[in-house]
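Quick one: this structure, given as structure tokens, is what I'll be asking you about.
When the chains are written out, they are named A, B, C and D in that same order, and each has its own residue count from 1.
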Amino acid sequence: MIILMKKGCSQQDIDGIVRLLKEHGLGANLSTGSQATIIGVLGDKAKLGDVNLELMDGVEKCVPIMRSYKLASREMTPEGRTVTVNGVVFGGKRLAMIAGPCAVESEEQVMAAAQGVKAAGGRLLRGGAYKPRTSPYAFQGMEDEGYRILRRVADALDMGVVSEIVSHDQIDVACRYCDMLQIGARNMQNFRLLREVGRSQKPVLLKRGIASTIEEWLDAAEYIMSEGNYNVVLCERGIRTFETATRNTLDVSAVPVVRERSCLPVIIDPSHAAGKASYVTPLALAGIAAGADGLIVEVHPEPRVAMSDAAQQLTTASYQALVRQVSAVAAAVGREV
Amino acid sequence: MIILMKKGCSQQDIDGIVRLLKEHGLGANLSTGSQATIIGVLGDKAKLGDVNLELMDGVEKCVPIMRSYKLASREMTPEGRTVTVNGVVFGGKRLAMIAGPCAVESEEQVMAAAQGVKAAGGRLLRGGAYKPRTSPYAFQGMEDEGYRILRRVADALDMGVVSEIVSHDQIDVACRYCDMLQIGARNMQNFRLLREVGRSQKPVLLKRGIASTIEEWLDAAEYIMSEGNYNVVLCERGIRTFETATRNTLDVSAVPVVRERSCLPVIIDPSHAAGKASYVTPLALAGIAAGADGLIVEVHPEPRVAMSDAAQQLTTASYQALVRQVSAVAAAVGREV
Amino acid sequence: MIILMKKGCSQQDIDGIVRLLKEHGLGANLSTGSQATIIGVLGDKAKLGDVNLELMDGVEKCVPIMRSYKLASREMTPEGRTVTVNGVVFGGKRLAMIAGPCAVESEEQVMAAAQGVKAAGGRLLRGGAYKPRTSPYAFQGMEDEGYRILRRVADALDMGVVSEIVSHDQIDVACRYCDMLQIGARNMQNFRLLREVGRSQKPVLLKRGIASTIEEWLDAAEYIMSEGNYNVVLCERGIRTFETATRNTLDVSAVPVVRERSCLPVIIDPSHAAGKASYVTPLALAGIAAGADGLIVEVHPEPRVAMSDAAQQLTTASYQALVRQVSAVAAAVGREV
Amino acid sequence: MIILMKKGCSQQDIDGIVRLLKEHGLGANLSTGSQATIIGVLGDKAKLGDVNLELMDGVEKCVPIMRSYKLASREMTPEGRTVTVNGVVFGGKRLAMIAGPCAVESEEQVMAAAQGVKAAGGRLLRGGAYKPRTSPYAFQGMEDEGYRILRRVADALDMGVVSEIVSHDQIDVACRYCDMLQIGARNMQNFRLLREVGRSQKPVLLKRGIASTIEEWLDAAEYIMSEGNYNVVLCERGIRTFETATRNTLDVSAVPVVRERSCLPVIIDPSHAAGKASYVTPLALAGIAAGADGLIVEVHPEPRVAMSDAAQQLTTASYQALVRQVSAVAAAVGREV
């Protein structure tokens, strides 16, 4: 941590800070510039415990210089981590593809979507059983019955199940039916939920909150990892900005930023970012070109009758076309589908 | 709902929509403008069930025209609602003031803060027992022991307790010790939590999410009210924008907007918005001048040693000065403290 | 400036930086923390000229610690500056009030508005002669004829004229007719315009850009002041955020932030922030309560027929009511109208 | 336009609107829904002139349904437009590549950069002669001498010149030396400048403002086109959001949105979006994969000594590597470099 002193602070102020640091077993390195004095704190700042330096006389501000996540950092695992779900590896040369309907509506609907996904080479099936919806009067999902439908369909087609979990007391049941637990954007800072999935060993797909910085997202991953579950895959799904032409603004830059700062695999959700089917493929290709490790795409056998987020779901035929285009771009950047 | 047809759509497209609406028991009102055709849907759009009109041939877009919340709306209760906590009324002529430390650290600390708050006329004590923190390595609060400390101090001083709840399985214990349950910004769309507090009759202080629109916030209130608990107080605490001079950007306009659209009382949290003690009083005064029904302010007996959010906590003396200034502004707008 | 070295940088990297600083006449103060090395640069960093330290081997990042504006800073003029226009002082105990129609439409319209404003004690008349409009097909203002109308009306009523200037080659004509030149939000970083008004001695009303940080705004003021014109008044008029309930989000916190960092007076434009007449008064009161030095309010004799921004203009009667309420709040915070 | 009436408005209110529309030669189509009445306006709403319907009794709000730009729209030119600069076509199968230093610093520097760009197949040289800078004390560019240097270097290498223009009175001189005029993000709504470049026939590179919606950007293009200059190329260069890991947030979705709504070519500026050299290539690839018609990239012979924006400039070697990768991705999406 660096302590920037106020212009015109007294020597007494500076001495006070240095003495306080010493009392807590920390060193101080003074740097008296032409315009301001800076004190570099030497040692583990955790030793300061409950002392708040920013309120000491003469202090302008304190600048933390270390990131708050460790296990999720690139420094900790420079070679990067991989996460394997049903034989699909996230973080390897081959891209990981997840697809399926936004919401589970019936076994027929899930089966039709899954067959289309499988025909395009997919081995991971997504589907929402619990749907967090803005209004209490909107369709909330089939809940546990949704999990069971996903499992039956996936078993029939030899696929893995990825589904959202919205509360920590669903973990046991979700673990029974799912191969990967999704934490949605709204729950990215539901710390209780993060800790509890961290105590399981199930792979976790951690979506970025719509107004979360990349640093906060990696801190959220750290919550899971700090409990012992290192099987975390990050998912960029668009952030909230002033632009309304798309449902959210896909922050494609998050891909290279995450790859630089973190050891965790990162995939893209072009469907929620776009909010409109015709933008899904361009965004998917952009994500892969930027270096993402995979995609999660909403596919519905008949989007016109979908019960949620219909505008952004692809038909199975459109999805198959998307996979062909993704294959070409993947090859161009040294990856494969 | 209004359906805007694409420029150049065919008569067949229009007929298709009208027929489909009729099949679902809905009327259609065609408006053929010089540049586009618009179809007004007559009747309750819920009858459409799983049909997604936006994917019908010829449709450009669908514009919902009704708000999704009903119980929380001003139309439903034009005279406005009040919520009473420990004899303090939110939504009346008198402002409701909540104050206390960011986090409960010890009984001595809470007592010192509470005495300062009480000396300024305060009857509601806040304090964080469960602290949602961005990093898993930061102080997470004293948890249930924190609730108990708040209760003992409040009982000794004849005050009410307002404290945050972060998970639905804490409701029973929180209800035992608290007079008002706070839902924090990160949990504003934790729908499970909203529903469960809706099943209690405890007053709820619902903070706005940092990237939530006012409409989403009112939808969140609707989740609570739709379960039967109408004792909801809204709290504006700053939204996330590009500006970094303050911790968040206080959206003071939310006060008149909420008062126009909703029947619920709304208060201001100047401490989390500001992130810096010297801005707290100006923001508090701004909120009251704009018509807020009260304030929630962080007060610490010795901010310099606070374990969380120290920079934004007021001393008890500063808080007493704030209350004096608030009184003057309140009188200017026809309210009182 | 502080240089943060990469974790694991070599001694050679550090020596390279220190040597380079020395070559440019600068000192270096090394701070070797438990986790990273920090180099404090001693001396005037301008000596570095064209050297970019961030690209040196081993450098993680450089953190500037000094603000880039000087003349506009509070440090330079701790007692604050005042700007006087037609006898009205911005920055004194008395609030400065500017009001008038959004756009000049006719002499009758301006006269009617101005009489209403004057009846409420106003001495400064606003009106748009040049209107920057998003679409080329929208009404663009009466241009120079608009300035002349404002002047005639103001002279008749013994008022001052405040009007927008959108290009540097209008300065001469604008100076002839106006007492204060307004730089609109879209031109806040039109540096050519800033410099040229800086070469006049006309008071300038500098609106904040809709996506400009407070620091950028003060840098823009510095452009004007660096040319010798210190008569700058800042105007907060709302920033662009994700919220759409209001036209912009009034950043009321900007008032205390500007007062802390800058010596310049700051006023509030509640009309453009609100975008809706019914929110104008609450926002005006909030701004004054937060410490603003005045207001600029849109008033139209008949808003229903206004040619631009009609929804946000007050009638003269509403404006007079606003002034009464502002007087009460002003008194509560030690100011007067 | 659609007029949404307030719930509970009177028949008299509705009749008033209908009569007013008729008086202005417009038709009205009433749609009386179960919850609200909607009036569709039939005819050209321009006939309303100065009437503001939103202030009529009983009106809740007015929803415009037509876009405000026409010449820039896709509908007007479904096949899309191309713009040719020095033989390079924007909007064709082949990508258009612009590269060169952020700022012109000397003829040697520009020559070295240009040779590197040319070696990578580049035929369009960029360089800033006029640099809009946040602080008045930062390097402001070599101005007209910068244009002359660019021209001499470009002539020597048979390249075209793309350079920024910051004021309308520079157009003549800029037209003499440049082949394409760049309007920077800060000037995207400098309407005077837009109109004046619209009166020349020089190709224009119109950058998106950092807080401008796509609709506002297309309106800005319309300003240029409405004066007769159809040679407009759009450039997405990142928008301002809450995320600070990158200088701006590249809105890659803008590419498919623009392609759908507008007939104009659109390119990507990965350098300003990223703000950091290591993110430039991933963002460039993302843009091309999403369907952009080209790139503008900052290249400096020795970024370490660059006078502005050094952190984001590529070396000529890195640029050549970027072009190779772009070629591969371009081929994957049916384009070529």
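Everything that follows uses one rule, which is that contacts are C-beta pairs under 8 Å (C-beta built on N, C-alpha and C of every residue); 3 or more make two chains touch, one makes a residue touch a chain.
All figures in this text were calculated on a predicted structure; none of them were measured in a lab.
Engineer: Look at the interfaces A-C and A-B and say which one is made up of more C-beta pairs in contact.
Structural biologist: A-B
Engineer: If I average the CA coordinates per chain, which chain comes out farthest from subunit D?
Structural biologist: Chain centre farthest from subunit D's centre: B.
Engineer: Need the CA-centroid distance for the pair subunit A / subunit B, whole Å please.
Structural biologist: Roughly 26 Å separates the two chain centres.
Engineer: Return the distance between the CA-based centres of subunit A and subunit C, expressed in whole Å.
Structural biologist: Here the centre of subunit C sits 38 Å away from the centre of subunit A.
Engineer: Send over the residues of subunit A in touch with two or more other chains.
Structural biologist: Expected reply: 211, 240-242, 244.
Engineer: Which residues of subunit D touch subunit A in their complex?
Structural biologist: 211, 213-215, 239, 241-246, 249-257, 260, 273-274, 278-279, 282-283, 285-291, 325, 328-329, 331-333
Engineer: Would you tell me which residues of subunit B are touching subunit D in their complex?
Structural biologist: Those residues of subunit B that touch subunit D are 2, 4, 7, 29-36, 38, 40-44, 63, 65-66, 75, 240-242, 244.
Engineer: Where on subunit B is subunit A touching in the complex?
Structural biologist: Residues 50-52, 54-56, 68-69, 105, 132-138, 166-169, 186-187, 189-192, 195, 209-211, 216, 219, 222-223, 226, 240, 303-307, 310-311.
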